[in-house]
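In the two assemblies presented below, chain A is common to both, partnered first by chain B and then by chain C.
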Partner chain A sequence: MIGLVLRRLLASIPTLLAVILLSFVLMRFAPGSPFDGERPLDPETRAALDAAYGLDQPIPVQLGRYLLHLAHGDFGPSLVYRDFTVTDLIHSGLPVSLTIGGLALISALGGGIMFGLMAVLRPDGPLDRGLMLSMTLLTALPTFVTGPVLALVFALWLGWLPVAGWAAGAPRYLVLPVLALALPSMGAVAKLTRAGLAQVMEQDHIRAARARGKTGWRLISHHALRPALLPVVSYAGPAAAGLLTGAVVIETVFALPGLGRYVVQGALNRDYPLVLGVVTLYAALIILFNLLADILYGWLDPRVRG
Partner chain B sequence: MNRLRLALPAGLVGLVLLAAWLLPSLLPWDYRVIDWDHVSAPAATPGHVLGTDSVGRDLLSRTLVGTRITMMVAIAAAFVSLIIGVLWGAIAGWCGGKVDALMMRIVDALYALPFMFVVILLMVVFGRSILLVFIGIGAVEWLTMARVVRGQMLALRHRPFILAAEAAGAKAGFIVFRHALPNMAAVILAYLLLTVPQVVMVESFLSFLGLGVQEPMTSLGILVKEGADDMDVYPIALLVPGGVLVTLVVCLTVLGERLRDRWAA
Partner chain C sequence: MTSVFRYHGLRVEIAGRAVVQSLDLAIAPGECVALVGESGSGKSQSWMAPFGLSPGIASGEAWLCGEALVGRDEADRSRLRARHVGFVFQQPLTSLSPHLTIAAHLEEAFTQAGGARPDRATLAAALSEVGIDQPQDRLRQFPHRLSGGQRQRVMIAMAIAHQPALLIADEPTTALDATLRREVMAMLTNLCRKRGMAMLLISHDLASVADAADRLIIMRQGEMVEQGPTRDVIAHPGSAYGRDLLAAAPRLDGPAPHRPAIGALLLEARDIAVSFPHPGWRRGRLQAVDQATLTVHEGEALAIVGGSGSGKSTLARAIARLGPCDAGEVSWRGLPLPPRDRIRPAERAGFQPVFQDPVASLDPRWRVADIIAEPARHLGSGVSQQHILAAMAECDLEPMLADRRPHELSGGQAQRVAIARALITDPAMLILDEATSALDVLVAGRVLDLLARLQRERQLALLMITHDLAVARRLCHRILVMDHGRIIEQGDTESLIRSPQTDITRQLVAASH
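Right after this comes the complex of A and B.
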């Protein structure tokens, strides 16, 4: 197991380097500069700024320096938010994004597995068909439509919840963003659970358990659920990644002080270290989530431990 | 019943597309023109069936034109992804062995990238050209297509008719394009259909963030963004474009999944 984890971590280094290289080169090819303001700077100030941030060096040198600093855990200074380092901004934004994303992942898994179970109890019954149709609809819902619509209905019309804002993570402020973010993944999880269970229910060990008189809920929870959840587990890694990306929109819609908006703002402002830092961090998180999902998979399915 | 399961989503998509292409020229107000007498007009104002937005532009006409642009971007991007994905998958599946292993390793590695961020960066780099928007989107949406085509190609590679063509001295490119690819056309078409709603989502996502299609052109993503900004006074501006977007994405996804299940089984 430890060998597998180490091997996967080693294999992720090239992927991470590729992400950094790609983002670095793309950002530098973009026209414009972080120091373009309303008034053009005089050339001397401009040259001094470029020199201070090392932007006057050739690109390979800049890249080398960046990687060297990164290896020491230093994401560099933000070029636009002048008094902050990228690490400061990540420290303030990451907890918000992780809270929203984590809660959305938990709701998606919990709700999805529950709906999948409800559907499979009476296969092809009206509840099954109705649930699966609504879950298909859920998977196709874009968060930037559901977010504003949920805010419109539950905040503006019904007045039950606040429209937007963070308020230091007060639960009332979390409900709508988490729900909007979780719905599409919840649909996918429900469909996977339903399909996985339906497949497992045909297998010999279930027939054997039935022959021993086990039925209904006990049959599912003790014998069918564990193998049936394998597809859900392999989906959880990519889903976590999708939730992180989806958080970019949700943070914009609900005016949350998360990390996602720094990607968009930073890219528009040409704040190179900020964008690079956030993209690198997200890439590392995505690799980590996929690894965790694989470890969990190995724990649930002894056949792949090898 | 079975026929209806395909006909219903197909019919809805067809209806929306037909309206988006034919109706705008019949409406009294162009999607860019400001009606100074009716700014923020409610629905059912004379001349404006759905009313106007906060600068006095006809909402129905904007929604229809936005749908058209979103769909054009989506179809073009799906086409780009089709070309890259089919070529990549066909070459990997045909060559097999080390070439296949390497090409699929690359696909696996690309799957692990935070793609939305790469797209955002691409949009920033290549400025605001709509052409590059869809090339950029197509360039990141081809991975699934490559996997599917490669799987199909591996399955076909040692079938008698392919071997016979090889034995008859046909060139590899000829066999791939004239024998192998037509054989999997149905599967490719189903996955192409599934790519379209995904691209619609990416385009709307980018436009929503202000990185995709730019004013004065419009798209469903821009309209949803505008509607979300004014939703306290004018909810219909959010609900109509949002509804069209969701309808399109849902119908195309359902259509693609059902055709895939039917053809790929």
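Right after this comes the complex of A and C.
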């Protein structure tokens, strides 16, 4: 398995390079520059700024330089948030995004798998139908609806939880954003678990286990659950990367100092190093989580290991 | 003597339709009774429904070790199943949970009737008893690392681990290749004798259970047509259906069938080699076929025979340009055949395949007429309605089936559709990959008759992949035996069967008698 991990990590280097190259080139082709403001700068200042950040060099040279710095772990300076490097910004935003996203991921998986199991215990019963209907609703509702609604009900009307803010990660402040972020994924996980279980329960090895006297919960937990979770894992890999690297909408609704807003602001401001840095991080996380998903696959279904 | 298992007037209904009607049955301790019938005869429903293992609803009387099965709730039935019965199913490949080790499976089986948790040595001994070598290593492995035969042995070890009074084996050897069938059936019989266990055997193949069963019950369309001691039924079958079942299985003895004359050289394959990467996370490659050379003449039937995993299907697919081919040359009527990604439609039209699983090889959403017409649309110059109906008639398919879809066909009909589809381009050769082994004995016999007729009437060459020498003998001029990817023996059918030169061939011959 160590061999597999090493091979996959090596194979991910060209993928990462391709992502960086593509984002680099795309951004340079987009009109505008980081120094375009309300008022045009005079040409001398503009030239001086371009020279200071190396923007006067040909694009291949800039790209080469960027990669060289990146190899040293240096994402470069932010062009808009002066006095901050991109590394500083990621340092301040990533922990917030990781906390919110990680908790949301755990709730989505835990809640989703639990609801999926509850639904499948009595297939086509009222509980099954009710749960699956609400899960479909959850996946359908966008976070810019559920976020404000949650804040309205639990913060403004009931007054149980704060409306917004971070407060250095105090638990009370985490509940609503985590919930709002987790709900759509939870719906998807529940539906995938339900469908996976329903399919596995039809298989020969389940009938063989029933013939040996296994029924109910023990049959499901011992013989059906692991193979049934395969589709959940292939969904959760990429979804995890998305949850962890910052949900722009949730961060905006709940005024959280996470990574998501840097992506949006960076792109609007043509803050090339900031966008590249966040995109590179995002790509690396996706690769990492897909690798984790593959390893989990091997645990859930040993046939994958060969 | 009291019975271990007894039915009186058992009836099973599925969705209001009776699939088993007034079945009587009694199995004494240590006795082996076989239920024989073609698919759809209700033989499987007759045991699954009373045990609550199928959606069928059982009524009448069913007694297991003095306890009633009919009318009990799921908890009771599951307790009765676990305590008194061991089950062996037809599908050894899929009846073990893929994510649990062999040891976990066996542990569950040992404890299912309330027994103590067994130690490692007990588990290993249980595997040895069913003829699995290196039991200590096997215990740690997952099911997919074991062959089909080994998995079926594990299923048997599990079925007897809790010392049940009754063993129910539903087509326990049907999915295995011919050599293994005999061994596994003999092992089941021995285990039952040794432990005084009663056994209910279910099979479509009368010949396969004849040695094991003390008594036979022949079922047809949910009703018992004949029953009695095995020896009497086989010597003097009392019903026409029983006689058909007995006569259906192809045999190695008896007069050689007439085989049509052979023409010019049609296909020549030289030094074919195929390898696959190891599945999953392991590295390296597996040599599936190595240096295989063969020829087929016009009108000639050649059988490639071997156990599962011997590379026979891979070789046929490489030659037919349907699967990968790493090395070697194939020529068709003297001209080299391009590899599969460059082969032209006109070249493909000359040889057409028929696969093992008749239903899976037909697109479920298509009508029969479209399925049959498809090769001609892609490979030939188009096809008319008369052309399709003629191909159907040639394969004994009624014209009214043209508008049906595959799920509305029986297994035999579906395989006839696959054969009609293969014939529509007017090929000179058919490639038959275990084309009859998924079918019941009776149905398979009729499909073999059809192939023999086509062979005669069309001067059709056949490349036939099978694990069963008796099936090969029914049609083929020559036989080629494969083992571990190599051709280890070949020759004229009758002399190869009469004087086999290698151990593998001898085993295949013994298995078909």
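Everything below uses one rule, namely that the second predicted complex is superposed on the first by the 300 of 306 C-alpha atoms of A that agree within 3 Å, B and C clash if a C-alpha of one lies under 4 Å from a C-alpha of the other, contacts with A are read in each partner's own complex, and residues count from 1 in each chain.
As a convention for this text, a residue touches a chain if its C-beta (ideal position, glycine included) is under 8 Å from a C-beta of that chain, and two chains touch if they have at least 3 such contacts.
Because the structure is predicted, anything quoted here is derived from the model rather than measured.
Of the two partner chains placed by superposition, only chain C is touched by A:Ala208; chain B is not.
Looking at the shared chain after the overlay, A:Leu117 reaches neither chain B nor chain C. More residues of chain A are touched by B (comparison of chain B with chain C).
Using the contact criterion defined above for the overlaid structures, shared-chain residue A:Pro302 touches chain C, although it does not reach chain B. In the superposition on chain A, contact of A:Asn290 is made with chain B only, not with chain C. Legend: residue contacts after superposition of the two complexes on their common chain; A:Ala267 is shown touching chain B, with no touch to chain C.
With both structures placed on the common chain, the touch criterion links A:Ile20 to neither chain B nor chain C.
By the touch criterion defined above, A:Leu4 lies against chain C but remains apart from chain B after alignment on the C-alpha atoms of chain A.
Look at A:Leu174: by the touch rule set out above, it reaches neither chain B nor chain C. After overlaying the two complexes on the shared chain, residue contacts for A:Ala241 are found with chain B alone; chain C is out of touch.
Across the interface of their complex, chain B is touched by residues 12, 14-15, 18-19, 22-23, 26-27, 29-31, 136-137, 139-142, 144-145, 147-149, 151-152, 156, 241, 244-245, 248-249, 252-253, 263-264, 267-268, 270, 275, 278-279, 282-283, 286-287, 290 of chain A. Within the complex formed with chain A, the chain C residues making contact are 51, 53, 74-75, 78-79, 81-83, 85, 87, 89, 91, 94-100, 108-109, 112-113, 142, 144, 155, 158, 278-283.
For chain A in complex with chain C, the touching residues are 1, 3-4, 203-205, 207-215, 222-223, 226-227, 298, 300-306. Listing the residues of chain B that touch chain A in their complex gives 109, 112-118, 120-125, 127, 197, 201, 204-205, 208-211, 221, 224-225, 227-228, 231-232, 235, 238-239, 242, 245-246, 249-250, 253-254, 257.
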